[in-house]
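Each structure below is given as structure tokens.
The same chain A turns up in both complexes below, where it pairs with chain B and then with chain C.
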Partner chain A sequence: MGLAKYVARRLIYMIPLILGISLVSFLVMYSAGDPITIATMGNPMITETEKQFLRHYYGLDLPIPVQYFRWLTNFLTGNFGNSIYGNKPVNQLIASLSWETVKLQLVSIIISFLIAIPAGIYAAVKQRSATDYTVSSISIMGISLPVFFTAVVFILVFSYDLGWFPSAGAHGAPTLWPVFGIRNPILDEIAHLVLPALVLTLASVAYNVRLLRAGMLEVLRQDYIMAAKASGIQERTILYKYALKNAITPLLTLLGLSIGGAIGGAPMTETVFSWPGLGYQFVLAAGRLDFPVVMGITMLITIFILLANLITDLAYAWVDPRVTIE
Partner chain B sequence: MEPLVDVKDLVKYYPVYSRGILTRKVIGQVHAVDHVSLEVNHGETVGLVGESGCGKTTTGKLILNLETPTSGKVYFDGAPVIQTLTKGTKEEKLKLRRSMQMVFQNPYSSLDPRMTVFDIISEPFRVHKNIPTSEYKDRLYELLSLVGLEPYHAERYPHEFSGGQRQRICIARALAVDPKFIVADEPVSSLDVSVRAQILNLIMDLQKRLGISYLYISHDLSSVRQISKRVLVMYLGEIVESALTSELFDHPIHPYTKALMSAVPIPDPKRKMKIILLPGEVPSPVNPPSGCRFHPRCEYATSKCSEEIPEMVQIDSDHFVSCHYFEKFL
Partner chain C sequence: MSSSSKNDVSKRRGAGQWAVAWRRFKKHKSGLFGLGMIIVLLFVAAFHNYIAPYPAGSLAPLYQGDAGQPPSLKYLFGTSVGGSDVYSEVLHGAIYTVYVAFSGTIITMVICIAVGIVAGYMGKYIDEVLMRITEIFLVFPSLMLILVFARIFQLRNSNPYWNLLGIQIPIGLTMVILIVSVFAWSPYARVIRGEVLRLKEAEFIQASKGIGANSRWIMIRHILPNVLPQIVVLATLTMAGIVLTEAGVSFLGFGDPNTITWGRLMEESFPFMSTAWWAEVFPGLAVFLTILAFNLLGDGLSDALNPRLRE
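This part shows the complex of A and B:
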């Protein structure tokens, strides 16, 4: 009873939030400039009349409130409009690109957590040891180095110099990438995934490790850990069953948020690797003020993050008895 | 009769590191516990008093090997505790863990917030398998009623309880393995005064009923006086005086004990109290003073005190003191 009611209320609260975000994004988009001017820039053959025709065609000559309401009514019926470039429906565009983005994100999130959990625990248990310092230094490096830098370095080393992995795209074109001389569509896909996933993991694993290390250090100081030890419970069990369970909550929040944000992709990484995903598309569309695409992707990200927030809150209440759903 | 718990020359030093970025060097040692010896007899409560940071809690944890001592020995019923708990077989370790338990100072951090009271108290059953699974519930209710809680409390989580109730849960958890000895580390210091008396009565009552021995660690002298048969006074990691409770409270010998006793409030407004104020602060345990550790704050200190470490002297059958000039204070 309480749960369904809570979820329903949270979902209703999302509506004004989504509308507000859409309005702000729309206004920002609009104030950024005129998409037709950008699209026709450098084309000396086009006349002012033709530009006016294009503006009228896309409804850009209408007053802003009217434009917004036109967009909103379409949006509410599930129609995101057509891209100014190529006239492709935004729905189709998003559908065709999301899989590549989600695939890349999920792989990097999973690897990141698989590395972060043991590394974070180890760094906390062996606090101030050489291992802790090594883990912490690598973490700081991962946090500090910008993605566009590590991505380029990785491409230079592993793609250009060593030739192990492809430097761009998600699929081999025109031929499949040979993995140990074998050309296979699945191996080709994996080979394309390695470098961008590695770059993304390096950027996120550091936060996860540091968060877990801090949480573990906090929990390991608690007396109930001592009490467990006094009960004769083995050290390993204490670490994984008692300490980790209490220390992992902040990481859970981060996991929820990263899964929610995954749909938005990693604009920078996707751009450097020319990854055919939503992030790359978003950067392209924003650059040329392709407003139906920008609005479409923005709304998608908004909805996913809001839902992820809700799920994270529910998960919190599920794992921590002190948190109650109100 | 052989004492139940026999602690011999227990030492715990914590290294102090330099603040290097890449390298770290040990630049000193915190002398948390320095050659502490004590005995706890069957069914007896021994009080361990001293200021904050003097090593009381560390001593308690070392006895149970919750922290690894730098050196020293602990015997429980003749069995070497530290050796058994580090090198013994699983059976031996569990047997020893069943005999000695600890109740911690802060009931707010000593219960896992994710576990129900049922899980917390029955956890030792699952580890030790000392009773059949079918009896978990009965034994749990027995323990709850022993510490003055109700059966319906079992399904609740720690955050739903007050401090006093939490401390009762902690005591029930310690009792779950039928221990013979419990280290009670300031079990009432974080509780309200009214709740304190209840918990102290509970602790004494359990001793009467179950014959448990306690090492009662506290800086609250009035509770120590109420509960202990013998008292040890600790200063900067060392024991400076030990005696039967009444003897220690009525005839303290060591200047530090005297100062400590003078700070105990007496419930008589007419009686003028002579409070001995100690000059200065407790010195750092990283570089403890030479000779007698108390000499920088002692009004009777001479050059001998700063040079020679005083021996523990027996002045009565149960009264020991470590002071060069104890004869002056007899």
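This part shows the complex of A and C:
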């Protein structure tokens, strides 16, 4: 089967999945709570008539199936509706926040893989050695560390105590953060990036190391490696030429998952650092039951994950000739 | 495990399977350490009212003028800015963590075992339908629905407790557990299905079919006991995962307002972190150690029970 045909089929297959997810999230949200009541809770002066007006304005007084079809037709034309808080178009809101999230995620994914690949391979090759035990025990501690706890500790140590990095936000304007006494917009941006990126990296690196180590062990156990060893081929050659190629599939899965999940941001990390990205916005919107924003971000994440999965599958077929796309 | 058909057919995995596993597990130091930590957690959860110096939610330190005190012999973990003893609050929180870990895991496991075994064994369109549903749950950005759900229940919650046979069960927390579990089962269902697919072709299953056993009997009496080792490992990992998610949901401010879980302690102390770090760090440390304990136990169990990795 041709590649184009395969991709087309996969894309068509995504449609019911996306529709299903949108329908479920929509029904759950809109049938469960009333955002207007929550939005106006802090305002004792508001009257019931005004609340009714607001419900009418946002179309919340229509039957739910009608609301869904209105939402869906708008969504298909790229209109995600307006946020209940601040009445801003959701797609503009998402566009303005995406960059900060992508920046943060990109940096942490790159660092995480740069650390995880050598560590995972080394631990697998030297299985049951002291290094392996060290790497394995550090990584099991790493996967057990709740990301919000690491974030809190880092803020306490590196920001409050040592004062090296800022504890919140992505930019220090109007007062830039001094790096070695120099106030410069770029250095300021980097200084703000360090702690959240480090926290995110720590959260993923341990996980990646464990999976890579397991994948590599699986490969090293196979007969062809034994055969290569028996024929007297150098350890190095076996490792980098024969083993690594086959351990690349778990690596691809990981990369696909990380990139797919990246656009959703890391709600916890972004919230602790008040990072002006999608994840933080998403938590804020969920707290206010700002449904148009929550729906918009959810659909964006869903589509992104599905596309990343598709690309991962294509990459599989590309690196591994045994995998055929059908 | 006294299923007789297993003794007849599969010699290696005889009646002593769990004894063999335990012998292997005993050599796994970190696994034992994890188990030890969990026993401590269970002990604290059971006897928190006797161990803790102050009752839950007590503001006694505040009345003694000791709000926001750093850790000392009098207040082991210090006192919060609001004037409660952090050590006592952490001990009282243990019971909720245990409740979250076990009830959440039971719900998750029931769903994933049912889906995994039925899909794997029945095959055909049943498998197709169940796997499509699983896929939706896998792709679903679950945190968002969990948060929205939790928030709605937070606002609707009028009666904070259920009285079940004299035990007060917090409704809000139960709702959070339910929501988290409903989104936790999908990857495990896939693992179990894969395992069932492998087992399905085994001779003892074929033999059982041959003598006329029906599907339900085979699934419950033959398949289930044979995937149990995997289930035990998955269950431990689920406990770690669910404790983490619940703590995160509470930390973000979406938890049950009527129960003081570790996540909620962290949420409450977060704004005062610069003046009273101890009120933030000790509950966080408790969450970390609990998750670590379950992960260590899971690692040990997986080494002890996973026959594919045996040498």
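Quick note on the criterion: the second predicted complex is superposed on the first by the 313 of 326 C-alpha atoms of A that agree within 3 Å, B and C clash if a C-alpha of one lies under 4 Å from a C-alpha of the other, contacts with A are read in each partner's own complex, and residues count from 1 in each chain.
Just so it is clear, a residue touches a chain if its C-beta (ideal position, glycine included) is under 8 Å from a C-beta of that chain, and two chains touch if they have at least 3 such contacts.
These figures come from a predicted structure and were not determined experimentally.
In the superposition on chain A, A:Y224 makes contact with chain B only, not with chain C.
The partner that reaches more residues of chain A, of the two candidates chain B and chain C, is C.
Residue contacts after overlaying the shared chain place A:V28 against chain C, while chain B stays out of touching range.
In the superposition on chain A, A:V293 makes contact with neither chain B nor chain C.
In the superposition on chain A, A:I109 makes contact with neither chain B nor chain C.
Of the two partner chains placed around the shared chain by superposition, chain C is the only one that A:S144 touches, whereas chain B remains out of contact.
By the touch criterion stated above, A:R322 is placed in contact with chain B alone, chain C being left untouched. Overlap of the chain B and chain C interfaces on chain A comprises no residues.
On the side of chain C, the complex with chain A involves touching residues 30, 135-136, 139-141, 143-145, 147-149, 151-152, 155-156, 240, 244, 247-248, 251-254, 266, 270, 273-274, 277, 280-281, 284-285, 287-288, 291-292, 295-296, 299. Interface residues of chain A facing chain C in the complex, by the touch rule stated above, are 17, 20-21, 24-25, 28-29, 32-33, 38, 137, 140-141, 143-149, 152-153, 155-156, 160, 264, 267-268, 271, 282-283, 286-287, 289, 294, 297-298, 301-302, 305-306, 309. Those residues of chain B that touch chain A in the shared complex are 17, 22, 24, 61, 64, 66, 93-94, 97-98, 100-102, 104-106, 109-114, 116, 123-124, 127-128, 157, 159, 170, 173, 177. Partner chain B is touched in their complex by these residues of chain A: 128, 133, 222-224, 226-233, 242, 245-246, 319-322.
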